[in-house]
Amino acid sequence: MNRKLRMGMVGGGPGAFIGGVHRAAARLDGKIDLVCGAFSTKPENNKAMAAELFLPEEKCYNSYMEMFEKESQLPEGERMDFVAVTTPNSTHFPIAMAALEHGFHVVCEKPMTFTLDEALKLRDKVRETGLIFALMHNYSAYPMIRQMKKMIADGKIGTLRKIVATYDLGWLASPNAGKQATWRVDPKFSGAAACVGDIGTHAEQLIEFTTGLKITELAADLATFVDGRTLDDDATIMLRFNNGAKGVIECSEVACGEENQFKLRVYGSEGSFEWSQQEPENLIMRTNDSAMKTLRRGWAELDPSVQALVRLPAGHPEGFFEAFANIYNDFAMAVAAQKDGKDYAGMFPTEEAGVRGMNFIETVVSSARQNGAWQPLKDL
Amino acid sequence: MNRKLRMGMVGGGPGAFIGGVHRAAARLDGKIDLVCGAFSTKPENNKAMAAELFLPEEKCYNSYMEMFEKESQLPEGERMDFVAVTTPNSTHFPIAMAALEHGFHVVCEKPMTFTLDEALKLRDKVRETGLIFALMHNYSAYPMIRQMKKMIADGKIGTLRKIVATYDLGWLASPNAGKQATWRVDPKFSGAAACVGDIGTHAEQLIEFTTGLKITELAADLATFVDGRTLDDDATIMLRFNNGAKGVIECSEVACGEENQFKLRVYGSEGSFEWSQQEPENLIMRTNDSAMKTLRRGWAELDPSVQALVRLPAGHPEGFFEAFANIYNDFAMAVAAQKDGKDYAGMFPTEEAGVRGMNFIETVVSSARQNGAWQPLKDL
Amino acid sequence: MNRKLRMGMVGGGPGAFIGGVHRAAARLDGKIDLVCGAFSTKPENNKAMAAELFLPEEKCYNSYMEMFEKESQLPEGERMDFVAVTTPNSTHFPIAMAALEHGFHVVCEKPMTFTLDEALKLRDKVRETGLIFALMHNYSAYPMIRQMKKMIADGKIGTLRKIVATYDLGWLASPNAGKQATWRVDPKFSGAAACVGDIGTHAEQLIEFTTGLKITELAADLATFVDGRTLDDDATIMLRFNNGAKGVIECSEVACGEENQFKLRVYGSEGSFEWSQQEPENLIMRTNDSAMKTLRRGWAELDPSVQALVRLPAGHPEGFFEAFANIYNDFAMAVAAQKDGKDYAGMFPTEEAGVRGMNFIETVVSSARQNGAWQPLKDL
Amino acid sequence: MNRKLRMGMVGGGPGAFIGGVHRAAARLDGKIDLVCGAFSTKPENNKAMAAELFLPEEKCYNSYMEMFEKESQLPEGERMDFVAVTTPNSTHFPIAMAALEHGFHVVCEKPMTFTLDEALKLRDKVRETGLIFALMHNYSAYPMIRQMKKMIADGKIGTLRKIVATYDLGWLASPNAGKQATWRVDPKFSGAAACVGDIGTHAEQLIEFTTGLKITELAADLATFVDGRTLDDDATIMLRFNNGAKGVIECSEVACGEENQFKLRVYGSEGSFEWSQQEPENLIMRTNDSAMKTLRRGWAELDPSVQALVRLPAGHPEGFFEAFANIYNDFAMAVAAQKDGKDYAGMFPTEEAGVRGMNFIETVVSSARQNGAWQPLKDL
C-alpha cells in the first residue's frame, strides 16, 4: 500500500463518545484517513461534523446505506476502504451486514450484535465475503496484556488454575446517568443484558484472549439495583474452563466512585499475573520462590511482538488511545495485506470473538433466569 | 483490676506459628502475663518452652486437662484467668469446653470448632457459664476496618448493594508445603473444608462484621487443584444478603506468589470503601461526585472509638500484631469488667461469630456438593 | 479557520525519537496536517520519510532553508503554516530564526537554544515578527498539572513554602547508551550542560509554571559519573524563590533502572500537592486536617479549563501523547486566532520560558563551577 | 541468661509519646521486663505510672539519680540491668553519663546529646566503662533496610553514585502544634537544630548505615517558615561521600499533610534501591536490564540475618514496633552475651552513631550560617 487507508464511520455524531475515540485512534499513526461518515441521521448533525472534521459536506451522508452505495461506486483508492460501526448495539448487525454486502471491511464496536443469532449470520457473511472484520475489544491490545498472553502461552506460569476478572464502574449508580447511559440500560438498544453486555463481555474476551482457554460453563447471578431498570446493572459469574481451571467475573456499573476499574488476575501452577486497566503499563508477576516483578514496556526481555506495539520510551505513559490504535493498526495491516495479495496473521479480535461474546451474554442470561444453574456455552 | 490478667495457652509449642503470635500480641500492651501453658503433649517440648518463655517448668503442663485442673485449684489472682486455644481445628471444641467447665474465660483460634454441631454446643456452654469467649478473627480489629464499620453504620455510603471479598495465598500451590500446611488440608484436623475454613471464614466474618449485613444464602464452587488432596484448596462463593445486597467471596490457597492478599470492597448507593490487609492503614473511600479519599489513622475526623485503637502516630506503620492485640485488649477489658462487676460492651468476635462461621462452612460444602445450588444459611 | 493547519518539520528522520512523537501528537486531534519536512540532510532519508509518511517526495526537502524558501513562496492555505523544530539543541537557534524570518510560526523542542545569548536573540525575533512560538515543555500540559496550577493560584494550599522536584532516568548509566544518548552528552550538540539541559530544565519549567513563583537564586552540585564524559550526568540544585520559598531539584540520568521518574511536590502553609509523571492522572492533595485526596480527571470539581483538555472518560488512561497534543492544540488555536484576527490567550510555554530555561542552565553551570556558591538568576 | 533482662526508664511519663513506644517494643518479644522508672519528676505522675504499668510505687522514682543509686545497690538479678533514656535531647547527656557511672547499660533516644562536645564525652565514658550503649535509630532495623544494606555490601548494585533521602512531616506547619512539638523547636531543649536534629539525623544515620559510606562534606540551606521560631523547621542538605558519590537530604516538618514520609533511594552503577518508611515491607530494586523487583519479607532469597528479624509470615504487615523491638532484641542479646562472657556483634547503632549524628548537626548548622558553603565533617 502506497497510500493511507480510507475510513468511513457510522455513528459518532455530536454528543457521542466512542466515535471520537475511534477517529483519534485511527489517526494516531498516520496510516488511516477518515474520508466520509454517516455520523447521524439528522442533516444538521452531519453538517456540523463536516465542519468539525474538515470533511466535504457531501461526504457526510444522512444514511449509512446511502454512504455504502455511493462509496462503492467510486474507484479503488478514491472510495472508502472500510467502515467503523460505532452506533448502539441494536444497529450493529444491519449496518455491518450492509457494509460487507457492499464490499467494505468492517471495524465494529462490541458487543458484535443484538442477538447470538445475528452474530452467527454476520459471521457467515464475513466468511462468505472474505472481508476483514475487527471487533473493538481494545483492552486486548494493551502491550502488557499481549506480554501476559505470550508468557502464558510459553508456559511461564505453568498450568492455569484460577482466573479472576473484576470490572467496576460507578456511572450507573443513580437513575439519571446521562445520554450515554440511557441506551445502555434500554433493552431495545442494548439487548438481553446491560452490564454484562457493556463490560462483562470485555472481561470474557480478555480472559479467553489472554489465557487461550475456553469457558465451558458458567453460573450467573444478575442484579438490578436501580429502580426502573429492566436489565442488569451488576453481575457475578462463576466460570469453568476447558482445562479444568475455574474462575469468576465480577462486574458492576453501580460501583460508586469507580471509574473503569478493570482488573485481571491469572493463577497458574508455577506463578501468576495481575493487571489493571487503570495502570496498564504494569504487569505484575508473582511466583512462590522469587521476588514480585513489575514488568513494564521498558523491560529488556519484552517479547518482540509486544515491542512492535510500543510508541514511547518506558516511563512516558501510554494509555487507552494507543491500545485502541493498536487494533486499528493491526486491522489496517490486514486490509493492506489483502489488497496486496499477501498473508497476514493479525491478533485483533474478529467475528469469532463476536460470536463468542454473544454466546456468553445469552448463556449468562439463561443461567440467571434459572437461579444461577450452571449452563454450558454452546459449541458454535 | 489492679493487676495484669493471667493467661494460659494450649498449643503453641516448638515449630508452631500462631501460638507465638498470640503470645506477642497479648504482651504488647502490658496488661496480660503468660503464666502457664500446655504447649505440647511432649514433656521435652514443654521444657523447651519453659526455657524460652522464662516460665517455671511446673507451669508448662503436658496436658490441657491437667493445666485446667491444677490452675482451677489455685486462688484467684494466682491462677490463670483465661486460656488461649491455639491448636488445630479438630481439638478446639474439647479444649474450650473443658476450659469453660473449669471456669476459665477463653480466647480461641478460628474456626471455632470442627463441626457446626460442636459450635452450637460450645455456644450453649458459654451462655450457661456466663464466661467470656473471644474468637480470634483479628482482621476485624484493624483500626481502618473499625472506621469502615462505623461509617457504614452511619450511612456514609448509603444502602449497601455489592460486597466483594478476595483472599489469596500461594502457600499451598505445591503438594509439600510444610508442617503448618499439612494439618490444614487433612480432613481429620481441619474439618469439612480447608481453604474455606482457613481463609473463607475470615472473609465471611469480616463482611458480616463490617457491613452489619447477614448472608442469607450462597452458591459455592470448590476446587482441589493439587493432587492427593481431599479438601478444597480454592473456592468461589456467590452471596445474597438480608437487605437484598449481593456479593462474592473468592479465595484460594494455590494462588502462586500471593502472600496474604485479603481485600474487601463494599459498594453502597452513595459511595464505596476498599481495604486491603497488606496495606491495612489505607481505607479508600470513593463516591461519584467527590475525589477519592485515603482515610488513615492520622485523619482528624477518625472516630473516637477507632482512635482508642491507635498506638503510634500516623505514618509509623502499625500492622498485624496491633490488630491481634486489639482483640486481646478488648477481651481483657471484658474479663476485668466482669471481675469488677461492671458492664462492658466489647467489639471482639464471640461464640456467635463462631457459630456463624461453622454455619457458613457447612453451607458452602453443601452447596458445592449440589453443583453450586443456592443454599440458605441456617437460622441458628 | 475552516481548514486544518499545515505543519512542516525539521529533524525527525529515520531513527530519531522525538520527531515521531511530534507527528503523532499533532495528528491526534485532527486539526493539523503534516505537509512537508526537512527530516534529514540526506536525500535517501527524506525519500524514506516520504514513503513512510505518504508525503510527496518533493515535499521532503534536503535542507530546512530550502523548505522555508519554497514554502514561503506558496500562497496562504497551500504553504506550510508552521514548523516543528525537532533537531539536537545546537541547531534550534538557526532553524528557528530562519523560520521566523520566512514568516513561519514555530514549535520548538527544549531547551530553546544552545546558549542564553541565542535565546535572547530568538526572543527578540519572535517579538519583532509577532509570530507564535511554542516551546515543547509537554509536562506542563498534563491535565492534573493544570489542575494543580489552578488550585495553587486560587490559594488552595496557602502560601508556598517548599518545592521538591526529582527527575531520574537510568539510560545514561553506562558509557554506550545508543544514538539518542550520544549527542545529549556531547557539548558540541547539547550545550553547556547535559543532564541539566535535558531534564533539569523540565523540572525548572514545571516548577515555575505550576507555582507561578520565580527562582531567584540557586546553588548547584553537578556530577559526571561515567568516564569519558565532559558534561554532567547528574545534578542537585538548591533553589530560593521570589516569595521566600525554598526548593530543590534532584535529577540524574545515571539512576539505574528508572524510566522517566519525574515527580513534583509543592508544600504550602495550608496543604500540599504531589504529582508523578509516570502516574500522571493522580494528583495527590494533602492537608493536616483532612483525608488525603487523589484528584483525577473524573473529579466533579475539575476546573473547566482542565476539563477542556480531557479526551477520555476517567479510568481510561491518558498519557504522554495527550499532554503533548495539548500543547499542539493550544498552539494551533493561537495560530488560527491570529489568522482570524482574534485574541487568544494560550497556556503553552513560549519564548519567555525558553529564555528562562537557558538562564537556568547557565546559572547552574556557573554555580557548579564555583563549588556550589549561590548565584542569582539574571533579570532578563 | 536464664531470666528476662530488667529494664528501667527515664522519661516516658503521662502525655509523653516515645516512652510508651520503648515500653511496648521492649515487651514484644518477652525477653525484657520493665522493673522501674523515673518517669517524671512529679510524684503524682510517677504514682499514676505505677498504676498504669502495674509497678510497685517504690520502683517509680522521682529522680533518675535516686533510681540509679538505689538500683545499683541491689544484687545482680534484682536490680535494673539497663536504662532507657526517653527524655528531651537536652538531658540525654547527664542521664546517660550517670547511668554509665552507676554501671548500667543504656538505650538512648536520638540525637545522642545536646552538643557534639557532650557526645564525645559520652563516647569516652562508654569506652571507659565497657558498658553497652544503643542509640534508638529504629529505622535502621526494618528488615528490608537490613536486606538493602546486605545487598549493597555484596555489590548487588555496583559502585554507589547517588543517594537521595527525603523525610517530610506536616505536624509543625502551624505555630501551635502541641506539647510534643513545643520542646522540639525550643533551642533550650532541642539543641542547635530542630528539624535537622529530629529527622535529619535519621536520614543521615540511615544513609551511612545502609550504604556503608561516610559523608565527607555537606552544604546546607535551612529555613524557618513559621513565625516565632528560632530554629529550623525545614532543610535541604547536599552531600558528598568518601567514595565520590553524591547525595541530598531533603527534610521538612512543615510539609502539610505528610505523616512520616521518610524515603531513601540509593543508586549504584549496576542498579538501585528504593524504600519508604510508610510501606516498609517493600524494597524496590531496579536495574536497566531486568524487571523491577519488589523484595519483601517472604522472598525465598532473603538473607538469613534478615530472616532472623521476621516475626510473621509475609503479607501479615509488620511495622514500626517490630523495627524498634529489633533494636531492643539486639541490644538485649549484647547485654546477655556480656553477662555470659561471650562475644556478640550486634547491628544496633551505638555511641559511634551518636557522635556521627551530632557531628552532622553541627556541620549542617555551620554550613547554613555561611550561606551554604561546603563544610567538611570533622574526623572524630
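Labels for the chains are A, B, C and D, by order of writing; each one numbers its residues from 1.
Simple rule for what comes next: a residue touches a chain if its C-beta (ideal position, glycine included) is under 8 Å from a C-beta of that chain, and two chains touch if they have at least 3 such contacts.
The model shown is predicted, which means the values in this text are computed figures rather than measured ones.
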{"item": "Distance-maximising chain from chain D - centres being C-alpha averages", "value": "A"}
{"item": "Higher-contact pair (C-beta pairs counted), B-C versus B-D", "value": "B-D"}
{"item": "Rounded Å distance between chain C and chain D, as computed from the means of their C-alpha atoms", "value": "43"}
{"item": "Chain centre separation (chain B, chain C; CA means) in Å", "value": "55"}
{"item": "Averaged-CA centre spacing for the pair chain D and chain B, given as whole angstrom", "value": "35"}
{"item": "Interface hub residues of chain B, defined as touching at least two other chains", "value": "258, 285, 288, 292, 296"}
{"item": "Sites on chain C touched by chain B in the complex", "value": "285, 288-296, 299-301"}
{"item": "Chain D-facing residues of chain B, complex", "value": "2-4, 17, 20-21, 23-24, 27-30, 34, 51, 53-54, 169, 258-261, 277-280, 296, 298, 311-322"}
{"item": "Contact footprint of chain C on chain D as seen in their complex", "value": "157-158, 161-162, 164, 166, 168, 170-171, 173-174, 219, 221, 223, 225, 234, 236, 238, 240, 246-248, 250, 252, 254-258, 265, 267-272, 285-288, 292, 371-374"}
